[in-house]
Amino acid sequence: MADPLKDLDLPEPPAPVGAYERGMVHGGIGFLSGQFPLRDGKLVHIGRVGSELTEAEGRQAAEIAALNAIAGIRALLEGDLSCLASLLRVDGYVASAEGFERQPWVLDGASEAFRRMLGDRGRHARAAFAVPCLPLNAPVELVVTFGVSGKRA
Amino acid sequence: MADPLKDLDLPEPPAPVGAYERGMVHGGIGFLSGQFPLRDGKLVHIGRVGSELTEAEGRQAAEIAALNAIAGIRALLEGDLSCLASLLRVDGYVASAEGFERQPWVLDGASEAFRRMLGDRGRHARAAFAVPCLPLNAPVELVVTFGVSGKRA
Amino acid sequence: MADPLKDLDLPEPPAPVGAYERGMVHGGIGFLSGQFPLRDGKLVHIGRVGSELTEAEGRQAAEIAALNAIAGIRALLEGDLSCLASLLRVDGYVASAEGFERQPWVLDGASEAFRRMLGDRGRHARAAFAVPCLPLNAPVELVVTFGVSGKRA
């Protein structure tokens, strides 16, 4: 049976913005570089959730970063998502206005996209953080760790 | 010989607060979701260490989050802590008033609880961070990675 | 052939500043404790990049923290860097003045040092973060995960 993840429609994965790799795999564990809500090389939203951005825009930014993460994992696995055993942990950072505490709701935009796109293999542990700002003035950054099986582990 | 961790007295582990799992295990490595100083579903302390909270209260919050982490690991291992090879790394985030720099002392409340409860298996690497606030306005968040051996690895 | 990493000239690795270990290894994955720009037990630079520190000083701090990380990994592997398969991910935290967004450039100071010192084994995924302050009032903190092969895995 063909793997249901074979023909996933995904964006072009963003390139690293410094002297580092897209990701690394060792011992069956994959480590992806930080992912931002970039589309065609530009941030879809800029600034903090709760001031420059609405909560709904923040949640949309989290979803776009999640799609970039999946695209990045696929590129790292040389186009073959069937080697993805499952996501493991998503550390989600939300650039937050003072007093904004709904980071978990914003990050559910990413978590739900992972489940919708990857099914059971999109399950993950999660940690949520509020930060005053992020590189590029991005509203959301995701750091994804995942399990790899088969010949690419 | 019975495993000394068999009958550890622990709180009910808090449930995830969003669309994610309590934790995941792959390749012998376990990834727990972020842990807060919750007891019976409510934060024991709220706010930043060095302003709303004293250092001692922050340290106590770190200890409670550590107990929740152990309870979460046990639930993830289906009640069987004998599969816990050891903790690996604890990333500790302390919501800190401006100018407060004693995050390591606050987090020692967690580190010492891990050693006291888990013995040698409570040893861990650690990274400490100061943040202006955390989800739920919690004073402390712990992100725990651990090693699993035996049939649940 | 002798391993080229055998005689690397490195500083004395800083000791942990609390109740935790230098690092842990399990299942071929190594977890190092947070690394700061310490030399002879003292921070080389103090404060935030973009206000108390110039960008160039921040970048130099990142490089010094990277050398400490390599020294820490070597100590953890009992002096034998030939067991280092490769770095995996570097989470880089930069204490940043308001409005400062060039964390990736600052952290390239670490990334380039890893590549220069470790060659291909210095390749790594990376995530960059801006924080208002760090423990000890350090300008940079690095959290390094790495792969271990051979008898110490």
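Just so it is clear, A, B and C label the chains in written order, and each chain counts residues from 1 on its own.
The rule is simple: contacts are C-beta pairs under 8 Å (C-beta built on N, C-alpha and C of every residue); 3 or more make two chains touch, one makes a residue touch a chain.
Note that this is a predicted model, so its numbers are computed, not measured.
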item: Inter-copy rotation, subunit B to subunit C, in degrees (Cα atoms; steps of 5); value: 120
item: Equivalent interface positions on subunit A and subunit B, same or different at half; value: different
item: Separation of mean Cα positions, subunit B and subunit A [Å, integer]; value: 24
item: Where subunit C touches two or more other chains at once, by residue number; value: 27, 29, 91, 131-132
item: Contact footprint of subunit B on subunit A as seen in their complex; value: 27-29, 85-91, 96, 98, 101, 103-105, 107-108, 111-112, 115, 123-132, 145, 147, 153
item: Contact set on subunit B toward subunit A in their complex; value: 16-24, 26-27, 29, 31-34, 91, 93, 131-137, 141, 143
